[in-house]
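To keep things simple, chains are lettered A, B, C, D, E and F as they appear, and every chain counts its residues starting from 1.
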Amino acid sequence: MKKIEAVVRVEKLEELTEALDKFGYPGMMVTHIEGHGRQKGLTEQFRGREYKVNFLPKIKIEIVVKDADADKLVKAITGIARTGEIGDGKIFIYPVEDTVRIRTGEKGDGAI
Amino acid sequence: MKKIEAVVRVEKLEELTEALDKFGYPGMMVTHIEGHGRQKGLTEQFRGREYKVNFLPKIKIEIVVKDADADKLVKAITGIARTGEIGDGKIFIYPVEDTVRIRTGEKGDGAI
Amino acid sequence: MKKIEAVVRVEKLEELTEALDKFGYPGMMVTHIEGHGRQKGLTEQFRGREYKVNFLPKIKIEIVVKDADADKLVKAITGIARTGEIGDGKIFIYPVEDTVRIRTGEKGDGAI
Amino acid sequence: MFRKITAFLAIFAVTIGMACLAFAQDPSGAETLAKNPNSPVDYVWILVCGFLVFFMQAGFAMVEAGFCRAKNATNLMAKNTIDFVMASLIFMAFGFALMMGNDYRGLIGTSGWFLHGENYDVGRYLMFFWQLVFAGTAATIVSGAVAERLKFKAYFLYSILVTAVIYPIYGHWVWGGGWLSKLPFGAGHVDFAGSGVVHTIGGFVGLAGALVLGPRFGKFDKDRKPRAIPGHSITLAALGTFILWFGWFGFNPGSTFSAHQLRIAVVAVNTNLAAAAGAAVAILLVYLKTKKWDVGMMLNGCLAGLVAVTAPCAWIEAWAAVAIGAVAGAIVVVGVYFWENRGVDDPVGAVSVHGLNGVWGLISVGIFADGTYGLGSTSEPFVKGLLYGGGYSQLIAQLIGAAVCVSWAFALGFIGFKLMDKFFGIRVSPQEELKGLDIPEHGTPAYPNFYTYSN
Amino acid sequence: MFRKITAFLAIFAVTIGMACLAFAQDPSGAETLAKNPNSPVDYVWILVCGFLVFFMQAGFAMVEAGFCRAKNATNLMAKNTIDFVMASLIFMAFGFALMMGNDYRGLIGTSGWFLHGENYDVGRYLMFFWQLVFAGTAATIVSGAVAERLKFKAYFLYSILVTAVIYPIYGHWVWGGGWLSKLPFGAGHVDFAGSGVVHTIGGFVGLAGALVLGPRFGKFDKDRKPRAIPGHSITLAALGTFILWFGWFGFNPGSTFSAHQLRIAVVAVNTNLAAAAGAAVAILLVYLKTKKWDVGMMLNGCLAGLVAVTAPCAWIEAWAAVAIGAVAGAIVVVGVYFWENRGVDDPVGAVSVHGLNGVWGLISVGIFADGTYGLGSTSEPFVKGLLYGGGYSQLIAQLIGAAVCVSWAFALGFIGFKLMDKFFGIRVSPQEELKGLDIPEHGTPAYPNFYTYSN
Amino acid sequence: MFRKITAFLAIFAVTIGMACLAFAQDPSGAETLAKNPNSPVDYVWILVCGFLVFFMQAGFAMVEAGFCRAKNATNLMAKNTIDFVMASLIFMAFGFALMMGNDYRGLIGTSGWFLHGENYDVGRYLMFFWQLVFAGTAATIVSGAVAERLKFKAYFLYSILVTAVIYPIYGHWVWGGGWLSKLPFGAGHVDFAGSGVVHTIGGFVGLAGALVLGPRFGKFDKDRKPRAIPGHSITLAALGTFILWFGWFGFNPGSTFSAHQLRIAVVAVNTNLAAAAGAAVAILLVYLKTKKWDVGMMLNGCLAGLVAVTAPCAWIEAWAAVAIGAVAGAIVVVGVYFWENRGVDDPVGAVSVHGLNGVWGLISVGIFADGTYGLGSTSEPFVKGLLYGGGYSQLIAQLIGAAVCVSWAFALGFIGFKLMDKFFGIRVSPQEELKGLDIPEHGTPAYPNFYTYSN
């Protein structure tokens, strides 16, 4: 089992969810995070004075998948999340030792 | 060391925290995430028009534990978080290479 | 590749970001989490009645780094995040199998 | 759907259409003006004060929302709107007639249904407007005490009950020439702007509702110890309190129902001083206990002072207003702890603020009234209390009225909520309560763009 | 920067300085008071009502913000402020003269530019103040219909257009002694407090804006099916509605422009009943359809009732106000679905609330006016509609006025927005719209301390 | 606890009880009405305007909360409430007597303590009410300048100092028949509605507080460069501004203290135009500098215009109001940058809005007063400024008054805050400031259901 963790642009969430549903991976955890990277932050202003915001809102999607499916999902996500502009984000792949479905107690790939 | 990551129903947080305290694992990270899975989303409505919300608020609990304690904690969490209804959530177990307690600089199991 | 996950005090975020920038690791994911540990929670009050809050706001910083850089970054973070008081937080190190830069499709260390 | 609409309207037209047949008195106001060329300033005063009283609806909505959780904010907005909506329609149809119609044996009014016929008169409409905004206030007080667990449907029906029966009938007894106003003690039972008629009624109907419903999930721990459930916005609660304070300047001074009573200046000052004293005492008392400056309780204390001074405001002088407000501030603090320790869950403190202090307000008339002013007039009979040589008679009249008010409000409120509970259950399901009422009852979360905790 | 300021001010002084040369009439009010010793109460009434109408600006700001997303809240505050700011300056310079100046062939007014010369008179200033707050209301209605996508710059220019041309010229036709008021049917086209002059104008200029802009990104899915875009704060929306309801008590009763018209009591009652009926019908209709108690629609229904009763409020009795409000509640529900199903995106329902119900309000006069009251006076000619034996003539006058109002507002609004669009493009870029207008246009997020979703 | 309460109240009763002994003048208002049958409309006007002024408390609370961070919102609500609470009690006990009591050598008033004895009179109570709401406004201005770091306790004591000493004594000099009103230049130093008495006082006491406290943690970076600290709710800030604008219509026109001064119409128009001009200039100036439409500064500009026109509003005509407001808008923009660049941290811009523009308002009288109106009367002496042939004398009177006002407010404010700082330290600890004052000082987070950033 592997965990695919993708940091993407906020506006990509909807499309990605639909795609993953199609792949038979409805299950995911979505977190609203703040990203910091190559992409420049915003300049905002309050009562006439400007200030820089170094963090940008990003979406973090985490999915635990069967080893076999990892690659094609990574490809799919990459394809959808890409705009070619700085700030598209990253995908990280981690090892997972086990999964338990709380409702049934099932373990292993069956629980995913 | 292992990391236990549990996605559970919002209303289970309090009970889980108390239980883990008892097990001598006060330390945890709690994140409010949005879950997507088998469980149906909600139908909401605004000014007469209905719309579907595909994400449900869930709680993600992360605890890093000694290898030895992993299983009994997973069992404990499963027991408490289970309702038998779709949407109970999942537990994922990951390998952890090391832990550092910032306050003291300690490393390894002692730092957990 | 390794992932460094640091739970730190909210007020340390700014300083840490600057330091990591210097180390050539601008890229990071920041999450506002609620921490629970040795540190006592707060006592709040509403309309004359007191109540305890068991969770404290903490910042979780995640950075994926080259194996070689892990140690010095952990040291750096520890140094900055330490106050010596209970509640300084923890650093966890996890194995990472691969990284993809969505914008370019690059993989491996080059993508970090 | 359209058929439904047309049907609905047809019925409406017919039912009410009857109205326009009977002949009218002075709908244009020409005669009234001719008779009394000075009336314009009275009309202006009463209407403007009435507008301010109406605005209190916004104040209640904000205070209650601010003191409850985000997951129930939509529901509170719905309830705080629908109660005035139904009050307007029902009070126009029945309430006003029961309260201000021709008296029948001191018990009820019997004329003026649907404001029809000879009620199509500028003077009657003026009085209707004034009484309506008061009825609406009494109705909206309850929503706070039953917040976060009462079904919208039940609240919908409740608001009809209050504005068609509970409020107007008691109102008739005190303000409609009914038996309480004719008690053979002092000047009879008097309640200048409604500590009793409006606030005690609202507060104790609320208590009945809170008791029938039982406490919110999580309000008491296993061993019945009360737990605080913090409200979701102190800024809204404070805004609401300021709006109420502002509106009260219409509520009390406007109750002279005439601008030619220059006593309105004294009423305004007293109203303000009581609010201030109540707030000061409340925050100081809690500070002595917890060493924190408790804003929520200060806001409650401010409202407590306003409620208490509502009955006496026209018959007392400044120092008495301060004293009455100070006691009110103490009562609300003690009251809030009192109910909670007895397992009663009143999310916004409505029972202590309006119920207990409404009673205190009625009683205080019998103590502090200084005999300088009469029944909305500068001439005899003057209202005189204990401290000014009036003896006990006025106090007795006040105690009787207070007792009747509490019993009437609590009894009818209890019966009303119990009956509804029998028929369809007035409390939402535990899951709905846990998730908050906004989505299951209304489908609409109050703050969809914000990350909120639902606990 | 400083040179710029001084320049700016210099020009100001010069342009307007001209004003103070010409001689004045009664700037201190001494003569006016001498002539009419009873005028103070009228001044008080008109000013206080005018203050209430001004306060409606806050109501619109809160309702629109509440019904739109957090990422555009700053922009909505900016627009809802600037429109009244520009209205004040432009209407003082040009609008007032065009609307209330000496009539030229029933088409426009031609005197009183910059309130100068003989306009420096307490009576003229009073009238200016009253007309200004109305102009400001008409202007601010539009911001809701064009919300979440119109550039601030375009809105800035639009508010000049509306208060310098669209509103005052049409206003002259109805209230300035223009041709519509002289139609040879019934009492001529009548619009007591402005269902047409203010609300229909605002609503249909808004429709024009919404059409020129096109729908918001995400409002319709691939196959053109409308999708709900929930507003970010039901509490603010409700607060805003209460503020508007409150302000309307200045808007309608104040339109007698005299406290000696005791009819103000009837106007106040009718205003309130229509709001209640509109809210009740709207929430019930949606309940029949979705089995949820829809707060957003109830608030719209309440405003719909207020808009509709604005024209007839002085000429009808209570039951008619309820009927008119009930129909308005139905119209707003049907209207909201109607526009959405036709691909028109009106984020807050301004077109249905103000546009459609403004028209209904005008028409209702021809149906329900009961002949008991005249043109802001208790004497002939009285306004009489169909149901009271007035026959069709008044109805015809109302229909003509409504048709003219809709065409004028829509045509000029459409041309105005189209022209601006040609010159500099009135819609923000897709990325800006996605991120929300607050940061790209103003640099200031509305809620920087809160975790918000930007979808 | 109960012993404490009773003790507390006993003392109260005794202290103030003294009051009710002395004999009273006209508590019922019967004689007053007999003497002047036209007074009701004046009472109505003054009271209603007074209610509006009171409502400004809500406006200040919302503006300040909106412009500060979520973590200090509870604290701001607490301060904005307690200042009016203490003002009410203290001004009734001492302030009113010092300000409006029998004059002693042009320096202080010396009668009317606790509103007792012959002050139990409708006319005196009316005047007290009016002066009180003004005192409360002066007090609340300061909370913005010292926001996010001043201890609640210190603010509590400060509000006593301001309403017992600083405000009433200066007020006596200008409005109580004191020496400034008798300056041998022009008509003496004049300040129609309080640009100086209320706003300059509040603004410069605020400056003193800000200086004694020093800037907030993080306001300036290592090399002293100012950094923006965005406020947590632009919607609340805008709502507050609308409420203040609304309340100002009571503040300025009501200052005629009589409805028989029809000049109130001119005052209302001028008040509104200055607000609009201030807002327009402020947003345009910032736009020239940053190319963004800055809402925060527009709101400040609007308030700046209102503050500035407060002194001259009754003595100028429309174009002058626009000019004065425009300059005010420029002053507030320049002022905000000016203080920040000098290391002064004024979180909401109170010093520039109220302090600087209060001074400008006083001066503007000497420039733009057009000689058409007198001292709250339509007869001699008329107030005439430079541009209308009044020469320099009025301007000199204004400059002297302004200088005195600034020095008095700053000096006493500075001493007051310094002394408190010596005794118990007026600033919260760095950790408390970092976490926000809400929890350490009050125990109550403002938004417990929302995910907030504490930075």
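List of remarks:
Convention: a residue touches a chain if its C-beta (ideal position, glycine included) is under 8 Å from a C-beta of that chain, and two chains touch if they have at least 3 such contacts.
Keep in mind the model is a prediction, meaning the values are calculated, not measured.
Listed by label, the chains touching chain A and chain B alike are C, E. Distance from the chain E centre to the chain F centre is 33 Å, each centre being the mean of its Cα atoms. Separating the centre of chain A from that of chain D, both taken as means of CA atoms, is a distance of 53 Å. With each centre defined as the average position of its C-alpha atoms, the distance from chain C to chain F rounds to 47 Å.
For chain E, the set of residues touching two or more other chains reads 41, 44, 48, 230-231, 233, 289-290, 292, 294, 296, 442-445, 447-448, 450-451, 453-454.
The set of chain C residues that touch two or more partner chains comprises 31-32, 44-46, 50, 94-95. Chain pairs that touch, as defined above: A-B, A-C, A-E, A-F, B-C, B-D, B-E, C-D, C-F, D-E, D-F, E-F.
Chain D contributes residues 38, 41-42, 44-45, 48, 52, 69-71, 230-235, 237-239, 241-243, 245-246, 249-250, 253, 259-266, 268-269, 272-273, 275-277, 279-281, 283-285, 288-290, 292-296, 298-299, 302, 317-320, 322-323, 326-327, 330, 334, 370, 372-374, 378-379, 388, 447, 450-454 to its touches with chain F in the complex.
For chain D in complex with chain E, the residues that touch the partner chain are 1-2, 4-5, 8-9, 12-13, 16-17, 19-20, 24, 27-30, 32-33, 37, 39-41, 43-44, 47-48, 50-51, 54-55, 57-58, 61-62, 65, 73-74, 77-78, 80-82, 84-89, 92, 114-116, 120, 122-123, 125-126, 128-129, 132, 152, 233, 236, 438, 441-451. Considering their complex, residues 2, 6-8, 31, 33-38, 54-55, 58, 60, 74, 77-78, 81-95 of chain B touch chain A.
The residues of chain D lying in touch with chain C in their complex are 67, 226-231, 286, 289-290, 292, 294, 296-297, 300, 333, 336-337, 340, 349.
By the touch criterion given at the top, residues 3, 17, 26-31, 64, 94-103, 105, 111 of chain A touch chain B in their complex.
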